[in-house]
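Order as written gives the chain letters A, B, C, D, E and F; numbering starts at 1 within each chain.
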Amino acid sequence: MMDVKRVISTIERKYIKNNLKKEERLDGRGLWDYREFKITPNFVAAAEGSADVSLGETRIITGLKYDIGTPFPDLPDEGVCTIMAELIPLASPLFERGPPDEQSIELARVVDRGIRHADCVQTKKLCIEAEKAVYILFVDMYVINYEGNLIDCGGVSALTTLISAQLPEGKWNGEDVEWTGGYFTGKDIVNELPLVITYGKIDDIIFLDPDLPEELVCDGRISISSTEEKITSIQKSGVATFSFDEIKMLCSKSLEIGKKLRKDLNLWQYKANIE
Amino acid sequence: MVLLIKDEYPEKLFQENGKRLDGRDKKELRPIKMEVDVLKNADGSAYIEWGNNKIFAAVFGPREVHPHHLSKPDKGILRVFYRMATYSVFDRKRPAPGRREKEISMIIADCLEPVLFLELYPGTAFEIFIQVIDADGGTRCASTTVASLALADAGIPMKSLVTALAVGKIDGELVVDLSGIEDKAGEADLPIAITWFNDEISLLQFDGEMDLSELDTVLKDAKEAAKKIYEIQVNTLKNKYISIQNNIEKEKGGED
Amino acid sequence: MMDVKRVISTIERKYIKNNLKKEERLDGRGLWDYREFKITPNFVAAAEGSADVSLGETRIITGLKYDIGTPFPDLPDEGVCTIMAELIPLASPLFERGPPDEQSIELARVVDRGIRHADCVQTKKLCIEAEKAVYILFVDMYVINYEGNLIDCGGVSALTTLISAQLPEGKWNGEDVEWTGGYFTGKDIVNELPLVITYGKIDDIIFLDPDLPEELVCDGRISISSTEEKITSIQKSGVATFSFDEIKMLCSKSLEIGKKLRKDLNLWQYKANIE
Amino acid sequence: MVLLIKDEYPEKLFQENGKRLDGRDKKELRPIKMEVDVLKNADGSAYIEWGNNKIFAAVFGPREVHPHHLSKPDKGILRVFYRMATYSVFDRKRPAPGRREKEISMIIADCLEPVLFLELYPGTAFEIFIQVIDADGGTRCASTTVASLALADAGIPMKSLVTALAVGKIDGELVVDLSGIEDKAGEADLPIAITWFNDEISLLQFDGEMDLSELDTVLKDAKEAAKKIYEIQVNTLKNKYISIQNNIEKEKGGED
Amino acid sequence: MMDVKRVISTIERKYIKNNLKKEERLDGRGLWDYREFKITPNFVAAAEGSADVSLGETRIITGLKYDIGTPFPDLPDEGVCTIMAELIPLASPLFERGPPDEQSIELARVVDRGIRHADCVQTKKLCIEAEKAVYILFVDMYVINYEGNLIDCGGVSALTTLISAQLPEGKWNGEDVEWTGGYFTGKDIVNELPLVITYGKIDDIIFLDPDLPEELVCDGRISISSTEEKITSIQKSGVATFSFDEIKMLCSKSLEIGKKLRKDLNLWQYKANIE
Amino acid sequence: MVLLIKDEYPEKLFQENGKRLDGRDKKELRPIKMEVDVLKNADGSAYIEWGNNKIFAAVFGPREVHPHHLSKPDKGILRVFYRMATYSVFDRKRPAPGRREKEISMIIADCLEPVLFLELYPGTAFEIFIQVIDADGGTRCASTTVASLALADAGIPMKSLVTALAVGKIDGELVVDLSGIEDKAGEADLPIAITWFNDEISLLQFDGEMDLSELDTVLKDAKEAAKKIYEIQVNTLKNKYISIQNNIEKEKGGED
């Protein structure tokens, strides 16, 4: 595996750090600014839901497929929603061929946890017949271009995919599941809209939405998922350490930034329209 | 219990008015849209929408070969990695690349290599990553076509572009550019690629049943249809250079 | 992986090519001659059908095993016939240990396609009870010695194996499959006898049945499967390109050579004899 | 049909007397026992029993990096391999390491690296193997704690020890040191590690739902509880040196 | 993979060999002495049976888990007991990460065979309902410290684990297995107590219970399992050859040593106590 | 639902006339046929038919070791790859080599190594590939026997040939050369190999139950039976050299 840290020279590292100290970033953003989000829902005809989402030059195309299976014995009336990520070498010379590596596992896990613990996907609505048949949703993210902060781009990509979903509606006929002829949609499945927000840290400077050079030189990152009022997931990665006060400040900031972003993106506009 | 709606084949592949299910005539292509330079991190890239197919191709190289023992002292190597997204097909594909994807990768590499001057790049590799995001029949041909465009976008010297499409037989009739449903429910499928520098065939597969005269006809149809696709490829590249030139002139204008 | 092309020297390559230009081959054959086929059916006692087939020094021993399983939902009354190939290192220093590589996948696929599209294996006869139980046949080819043109040798080996098959006959008893006490044989399963015929190309010279040195120096190959009157499969491999006229000529030649070979081999003689 | 007795969650996680199911108060830790120098073949090792958790850690290094291409010319690398025995959990774990084990390995490595001076060991690796023999909630924290002890046992220069534990929310109440059942049936789980040299947080994960004031409280509780665990770590190391010293003095005595 | 033989220098090899010739060993044992066994049963709370066993500095912690499954069709009234071994790198710098290697396969197989052929685990008692439901036992050995002779340590560790087992008792209710509320224990499962005894050979010197340096320099080993009166399994490994007379002598010695060890260890004391 | 005909074991393994099911006496071997030099691409090769067993062995070496780190500076290494064809057994074997195949490979290597002079070939490898095409009990012994022949065919210096066979106990009686059915339904199985240069045992496995006197008897029977097989091995090699000599003399005759 290539050591991604090496592709950034020491000079570049210093330059980025010094700029951040002056609260300046290479692309002109302030410390607490996001790059622009661009969203195309329903990009994939073969999928039951999909989204092509860009955050600056980072681009992730996500699709949803479903399967019908038996529920887990300890959750007999709940469906399942799994999230996977592929960091394909097409997206960056930094990505290797082969089975999912640590970075893709992290992307899938952090996006999944942000969604799972926020009452976002109403898994009980994915139940067709308790103990017999539930929907299993596969939300698969493909990174098409990598320019830093996959997590926040992936979070919006996965959420938009779920909102855009349109699944054939099944009913239990006593023996088997059959199609009612109708559909149910993201509106029926998705409840809360949790957003995951990632910060980088270099020395004692913290900043929102690291782009690729920033990600390569930073000591660590922290991703915080939240709904309107609550923090629902936190993941620190890398070798940076954070003081207790910094953590408190970032949790507070995440609620604030999340509220604004939720309003700006207005993801419900992407729900499937069926009469 | 797997999926609620089944991937069933229609009984007939022609409508009563003689048109194909998607309204096309026998020798009519599906809508095709191409773009180049779509992925910033690649040395060259291209994107194609062909019917419902949506495919990205990225070219990297000439670069070092990993693992090193694959490199050749007397020429460069061409490696193709054709991959389908799990959600690009009716039944979710398993994430790990399967035999089919590896086989198609090899076929596309064999089919593109004749237009390259690999002997000029000893010890190095050109790597083409192809990602099928949405699939609807003929992905190997669309992938070949878009990969050839990505090679050109990377500025790699080529003897010519390569164009591929699938022709075949459905309900007993010879047609060009099989759609997904025609590919599955039809009787014969013949993907073919043409290297324009010598007007020869660099990819040829066939599965079905045809006598010699049918084969003869369908090959002729294929060549005619390929020419139309080739024009789209050339125009896509031209537009890129026009747009670059416009930018340059704009800048010059700005300088004045 | 070893690069097989390197084991042939440039001098040897020139020599072979110059000979071919003069329509001469190292082993004295003409451009359109096959090496000799030798066939031993029922070589393997543990298999339900088998064949030990040599084409010159190339030798493939194929065996058939079966299993009973549930049919695919979209083909409820059809059995399944899968073909696999193993290129074991015993057969040549060119073969590597490890999982099936490109060459073995190609061998299995080309032989499979030649058979699949020719109405050779009558999969409907492999059905015991629609939607419930069908035969699954495994036709596994082991390359014992490699001296070029595995595909044509494998084609005859797989076909002879199918013809020599003798399977216990099952019937559906409402719940399960039970043995009738009888057997059914290759004669019941095999309909058409498709033969796959392979040509090599060096520069603009095309020739039948490449042996190992020819295979190692040639630019590409084309394998054409046909029944008495129809082409059923084509596979071009390698970096050679073929003109439209060459393709037409080779299709025509394949029908002609196939007809003669089918008569000479007389494969039906190897069918299992049961009264 | 899998197991006869199900891994069911209780309806309530507090008893009527306000104690937790295992009799603890909200801010009470489970019993913790540590030992160092338990594995003769390692450069350093430690063992922890924390509630029902039983975990071994072995440190090797600095040593050569296999495979070599993972080594870094400017600093040593730290590799952590966290593994669970198949029988350490209610449902037998599959023998091959899963994604969860790889993810936790990475998290522990990130969390321990800040206390090491890796820049002093260019081209080499420190490898920590962690084997969970018996698991009962909080294994990643117990593993971090015992691994930090094994590093110290190996005599590797460190800025400080690292202490980790999980705090969380069960039945609406904030508690420290979640047990296995509390982890599964509770509402929120927050594993945290503290690097004592700077009093900062080097591991932080959270899953559940908390508002800002709850988070504030639970982080304070975590720090207080971590201090108690830290004392056990320090005493374990002290006892080792006392015992070594005693042995030396005994020997000396013997010499007299 | 590291070549373990190389870690011992030629000088050390000579030294060990010369000592053995004088019937002396580095740790003071005689040729036919075992290192000390230490046994802690029920070490693992999460397992249905377990044992922490040391033989000198070699230490193996074994645990038992169970599953309920359908019996094999040819053994409809027998449960299954599988034995696995993991040689984890924590235990020795000689062990590599990765899938089970030859040494761990050998450990599991030899321990398994010693148990399997001695009527030790009464697989018929592991049947809940013939053709429907049986217990599947997983006895998994983890090597915690490696100082030679894993096999004899593993044999005692696996056997103690089985004896210490305590499994919820299932009954068949016509459709499914349900818990009776009771348990059955190692006493119900284990019949014979086979012990596996391993000898090393250097040149023509044979000795019991090789420690690590002896194992690294010896030409081969032989492991002999026996019950009170019968030999039940033999496994020779390594490149040593044994004369016919040596084999006879070792079989006889194994019965004798086994008898004594069985008495000394008194493994039945570790059975689960349930009223 | 798997196979229609079950692989069932007979109740008795002796017929009423005291003969074994295949008509043999207790100390009688199955028919054995050997051939050498059967695979043109190998440095040495051999083929054996032993009852229904059909096995090929190919030897390559001394040659370079791949991967290189397996090579030893002070001696050559012997690697054996024992593989069974999927169709060689009653229930189709999965194509990938299983644990059993790897274990038997190791056992055969250990058992052949004593007759080789590996110290004469530092840094190189001898590789023996064994392919079981048809299996009927005793494949590891037949494989050892045929591999030793392939080594001799390759002209590799050897202290002696190696001969292996399985003896055992069926229906309470000691017999030599267990057939497939006897191996599965019998009570005890003892594969053994003899290195003739020292008349010692280089492979020994045993599974079953025997007292010391039974073991004594069965080992004696094994040695006697092995001698008969050894003679076939020697004759097979002799015939090869006779046939080579005949060819040379024919050629000489031709030259005259």
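What we mean here is this: contacts are C-beta pairs under 8 Å (C-beta built on N, C-alpha and C of every residue); 3 or more make two chains touch, one makes a residue touch a chain.
Note that the structure is predicted; figures quoted are calculated from it, not measured.
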TODO: Go through the assembly and pull out the chains touching chain B as well as chain C.
DONE: none
Task: Taking each chain's C-alpha mean as its centre, the one farthest from chain E - done: B
Open item on the list: Among all chains, whose Cα centre is located farthest from the one for chain D?
Closed with: C
Open item on the list: Need the CA-centroid distance for the pair chain D / chain E, whole Å please.
Closed with: 31
TODO: Provide the C-alpha centroid distance between chain A and chain C, rounded to the nearest whole angstrom.
DONE: 49
- [ ] State, to the nearest whole Å, the distance from the C-alpha centre of chain C to the C-alpha centre of chain D.
- [x] 59
Task: Residues of chain D engaged with two or more neighbouring chains - done: 2
Open item on the list: Which positions in chain E are in touch with at least two other chains?
Closed with: 100
TODO: Could you tell me which shape the graph of touching chains takes: line, ring, star, complete or other?
DONE: ring
TODO: Under the touch definition up top, go round the ring from chain D by way of chain E and list the chains.
DONE: D, E, F, C, B, A
Task: Partner chain C, residues of chain F touching it in the complex - done: 1-5, 39-42, 52, 54, 56-58, 60, 81, 83, 85-92, 95-96, 127, 129-131, 133-136
Task: chain B partner contacts - residues on chain C that touch it in the complex - done: 1, 3, 6, 73-74, 100, 102, 105-106, 109, 113, 116-119, 220, 222, 227, 229-244, 247-248, 251-252, 255
- [ ] Quick one: which bits of chain D touch chain A in the complex? Just the residue numbers, please.
- [x] 2, 6-8, 69-70, 72, 99, 102-103, 106-107, 110, 113-114, 190, 195, 198-212, 215-216, 219, 223
Task: Complex interface listing, chain E residues touching chain D - done: 43-47, 50, 57, 61, 63-69, 84, 86, 88-93, 97, 99-100, 133, 138, 140, 142, 144-147, 167-170, 176-179
